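In the two complexes below, subunit A is the common chain; its partner is subunit B in one and subunit C in the other.
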Partner chain A sequence: MKKLYVHPLPVRIWHWINASSVVSLILTGVQIRYVGLIDVMSLELAVSLHNWIGFLLLGNFFLWLSFYLFSGKIGTYHPELSPKKYYAEAWRQVRYYGWGIFRGAPNPHHISPGNKFNPLQKVSYQIIMLLVLPAQIVTGVLLWDVERFSSTVTLLGGVRVVDTVHVLIFIFFAGFLFIHVYLATLGHTASAHIKAMFTGYEETDDEPGAAEPERDTKEARPLVVAPMVSTQLH
Partner chain B sequence: MLLALAVAGAPAFAGIQQQAQGLAAEDRQCLKCHSFESLSKELEDGGTLSLHVIGDAFAQSVHHWIGCTNCHRDIDLDTHSQATGRKPYANKREYSIALSKVCNECHEDKSHLYQGSIHSSLVESGNLNAPVCTDCHGSHTVATRASYETLTGVPCKQCHENIFNAYLGSMHGQARSELGHIQAPICADCHRAHDVGAASIGDRLKDACVGCHQNAALQHKEWLPNAGLHLRSVSCAACHAPAARRKVDLMLYDGERQRPLSEKDVLPHFAKLPTAEQGGTVSLDAVELWKLVRAINQEGTAAEVTLRGRMEVATGVDAHQLAWKDKAIRDCGSCHADGAEPFQEVTVSLVREDGTRARYDAESEVLSSAVSLNSVGGFYALGGTRIKLLDVLLVLVVLGAASVPIVHLTMRKLLRKDRAKGDRK
Partner chain C sequence: MQALAKVLVVDDDAVVGRSFDRVLTDKGYDVSTAMNGQEALNKFAGGHHDVVFTDIKMPGMNGIEVAQRIKQSSPRTPVVVVTGYGTPTAEAEAAAIGVSEFLHKPLLPETIEEIMDRLMRKPEVEEKEAEAATAAEEKTASRGLGRTLKNIGLFFAAPFIGLAYFIAFPFIGLGMLLWHGVTALRHRSATK
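Right after this comes the complex of A and B.
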């Protein structure tokens, strides 16, 4: 296995602050929305926490944006510009998750420091980071102080419209978390990608074009390698 | 009748000279007849108008130096006793309205304020109970301003007795009656004396509260999230009168002209609907309300008509049951929980020409329906008026998203043999 440094420290810091913020915002958001049904904390406390964590996420977003803009690594998020080529790559990835993975087919995407996202991740993360998350931040800030931003709120159709957009994106993130966490377990071990987000190093096969090994194949590998070593020793 | 009175009342003349000290001789002359309680005049509607004046009371009034004829200028002493050439009045009301115009000549500023009041609007619309000058100040007993600002002398209670009683029990009333704080507000301090406005229109009453409680905004900001929005969308009494019944009023608002929509602008749309006062079983549901707002906006007015929501107390009595600060509602859940009481009663309102509100009942679901997203876009209370369809969507999305890993993981386990074959290849 080869170790590749694909997650620089600022990205890892951003990721875990972002992850904990999103989870906290979802939990406090649920408390805010469902007072009476859920009473883990007071509404006052939930709103206060939600506001503070929201601003933490806002600042963290700019950490992410600054890093990718000024480090020149923003290309990580850029998908293939040729639609034909992109759709072919994306379809391969869809087929892998929808069929190939069940049959032990290799992951068509080969991770590298400059190309750590597969085609589906590039598009979805770009939409999330440049559209969905900013929309959530903007609507959140507007709802934080409706009077201060009353002209903008009115322009957007009123507080109910702004809140509905905020809640729709909250619903999206609530669903996204399940998919994101599950996909993070599809490394060569269930925890490989998660560990990598702490250490910065992703483990991958030496051979270019080789599939990311699955947990089962990793367990089987010593059985294959051992006789070879043994032969050499002889 | 006048002649008979003059003869029969001769012994009383001396008494009149003793009474009403301070009045001019000419005025005492008038009292020779008008001091008799039985002196009256028949009106066109068959009623009688008492012409009795209590001399002492008039002598003590602030108007005693003006004299009788300065107000009663239509009196010609030559023809007075024959009662000829004088304008006949249809009823007492008409007489009061006519005589109150005399007040305007000296009290032009107060008259101007009164002309813009809800009382004046009601008088003009034919309301027989709405007050003119003499209804509050009396006709011959006009007193100093201070005398109208006491619990015993305030004239408002003559018509608004139940509200005044609620006020007496409020912290403002108690502060005056029990603690002796004469600076505690009484009716006119909030509602004003002459330019009394409709209580439910505009920010005047809120301004009155904030006029004394100047730190209210800052104090609310210390603990209340979105304090500014709360202060705009929730009436003070909704929290500070904890015993009050609360409701939501959706006022049709003309965004172009920046004022509430008047009834005459859109009356055809409401012609078939009974107002809340009229009762009835008809109330607007979310779709009807959406269609109504859309129809009004499609009529070609440049204005975009919207509904401005505001949490209010249900009645004037409720509004005056203000409690001491430590009793005010501070539990957010009383509004922000599902099914909260204030959102169970909803009205849609317009402003009538006389300045009062015409209110039409609406279903409580107009506050939580997805259909109301646009029509009730300006009013939303976290939790309490949340859109139910979004709850369904949340459950579906979470279940759907949670099922993806479960199904995918199950497939991987089930197809492990196939995967092993694939690996060998």
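Right after this comes the complex of A and C.
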């Protein structure tokens, strides 16, 4: 088991501030949206908290952006420009998540400090961090002071349009949280990736089959591979 | 994956050879098998092989000796030891010879494909690493504004390119499923 330093300190700080901000924004957002149905706190308090945390998230986003733009780690978010290569790698990852992982196959993506995301993660985070989150921040700021930004709001189709976009993205983030947490438990132990987000070190095992038990007699030896690709014999 | 890369599988159990053949032929590899060490060395001497998989416990010459003799005659050829009796001593011997992988049975088809993909990629990866090192040197020599702008441009273009990939993915995925289905059907009718 090797340890690789994959998550630098600024990224870890950003990640946990971002995570707690998003959860708090979802909770206060639900309270604002369903006032009367849910009364955990007053509407005024929910709106005030939502605004403050929203600006914290905005500032945190610019910290993240500055880190990636100016630290030499910008390649982490660079796109794969060859569709053929991208789909070949993404397909292997899909096969792993949909099939191989349940049969103990090794992860086709080998994590490294310069290549920490698998092809599916890479595209997801490119879209989320540089398209979806900025859209949520912009619509949030517009809704924070509709009068001040009335011309922009009108240009975008009015408050209802901006509000709808904001709520749709909020629903997306609420759903994404579950997927994100589930995928975070798919390391070599359920807590390995989560621990790595505190320590910075990911543990990798590049020796498939190393955990297989030794066998004592030739007669007891199993087939190397199953007769059919889809069947595993022991 | 390189098409028609040649793989030699050495195992006294014919079923093992056939299983490797089935998995790797589907993936475009040219698989030949040998039932013992001497036959393996003859086949290896008779034609170029890109990768060799060998069992350890075989009548006559054992797999470690096979691996050693192959590495002596062709140091750059990756040799993978596959065994049901992996002792630390055997593993240490194999490592000293310079085998690429030491695997324990049973193996999943996916594991074999993965190993092959990795081994066939290795020269490519080494080449890329060398290119990356050269690029890094060039970068330190001339940290041009152009490169910075290109990096920033790629960074901000990434979500749009990613979105295009994402939108096209279901269609590409369905196409790949179809292709896999047709390949499996063809293989099935060919084996009947």
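Points to keep in mind about this one:
What we mean here is this: the second predicted complex is superposed on the first by the 204 of 234 C-alpha atoms of A that agree within 3 Å, B and C clash if a C-alpha of one lies under 4 Å from a C-alpha of the other, contacts with A are read in each partner's own complex, and residues count from 1 in each chain.
FYI, a residue touches a chain if its C-beta (ideal position, glycine included) is under 8 Å from a C-beta of that chain, and two chains touch if they have at least 3 such contacts.
Source: prediction; values computed, not measured.
Once the two complexes are overlaid on the shared chain, A:Gly157 sits against subunit B while remaining clear of subunit C. Of the two partner chains placed by superposition, A:Trp16 touches none, neither subunit B nor subunit C. Of the two partner chains placed around the shared chain by superposition, neither subunit B nor subunit C is touched by A:Trp52.
Contacts of A:Ile74 after superposition: subunit C is touched, whereas subunit B is not reached. Residue contacts after overlaying the shared chain place A:Val167 against subunit B, while subunit C stays out of touching range. By the document's definition of touching, neither partner reaches A:Tyr5: not subunit B, not subunit C. Once chain A of one complex is fitted onto chain A of the other, the partner contacts of A:Phe198 are absent, as it touches neither subunit B nor subunit C. Look at A:Leu37: by the touch rule set out above, it reaches subunit B but stays clear of subunit C.
After overlaying the two complexes on the shared chain, residue contacts for A:Val94 are found with subunit C alone; subunit B is out of touch. Contacts of subunit A with subunit B, set against its contacts with subunit C after fitting on chain A, overlap at residues 100, 103-105, 214, 216, 220.
On subunit C, the positions that touch subunit A within their shared complex are 11, 13, 15-16, 18-20, 22-23, 26, 57, 82, 84-87, 101, 103-112, 114-115, 117, 151-152, 154-163, 165-166, 168-169, 172-173, 176. On the side of subunit A, the complex with subunit B involves touching residues 32-37, 42-44, 47-48, 51, 97, 100-105, 143-148, 154, 157-161, 163-164, 167-168, 171-172, 174-179, 181-182, 214, 216-217, 220.
Chain contact summary for the complex, subunit B toward subunit A: residues 223, 225-226, 228-229, 232, 306, 332-333, 336-339, 372-374, 376-380, 382-383, 386-387, 390, 393-394, 397-398, 400-402, 404-405, 408-409, 411-412, 415-416, 418-423.
Subunit A makes touch with subunit C in their complex at residues 68-69, 74-75, 77-81, 83, 86-87, 90-91, 94, 100, 103-106, 108, 122-124, 126-127, 129-131, 207-210, 212-216, 218, 220-229, 232-234.
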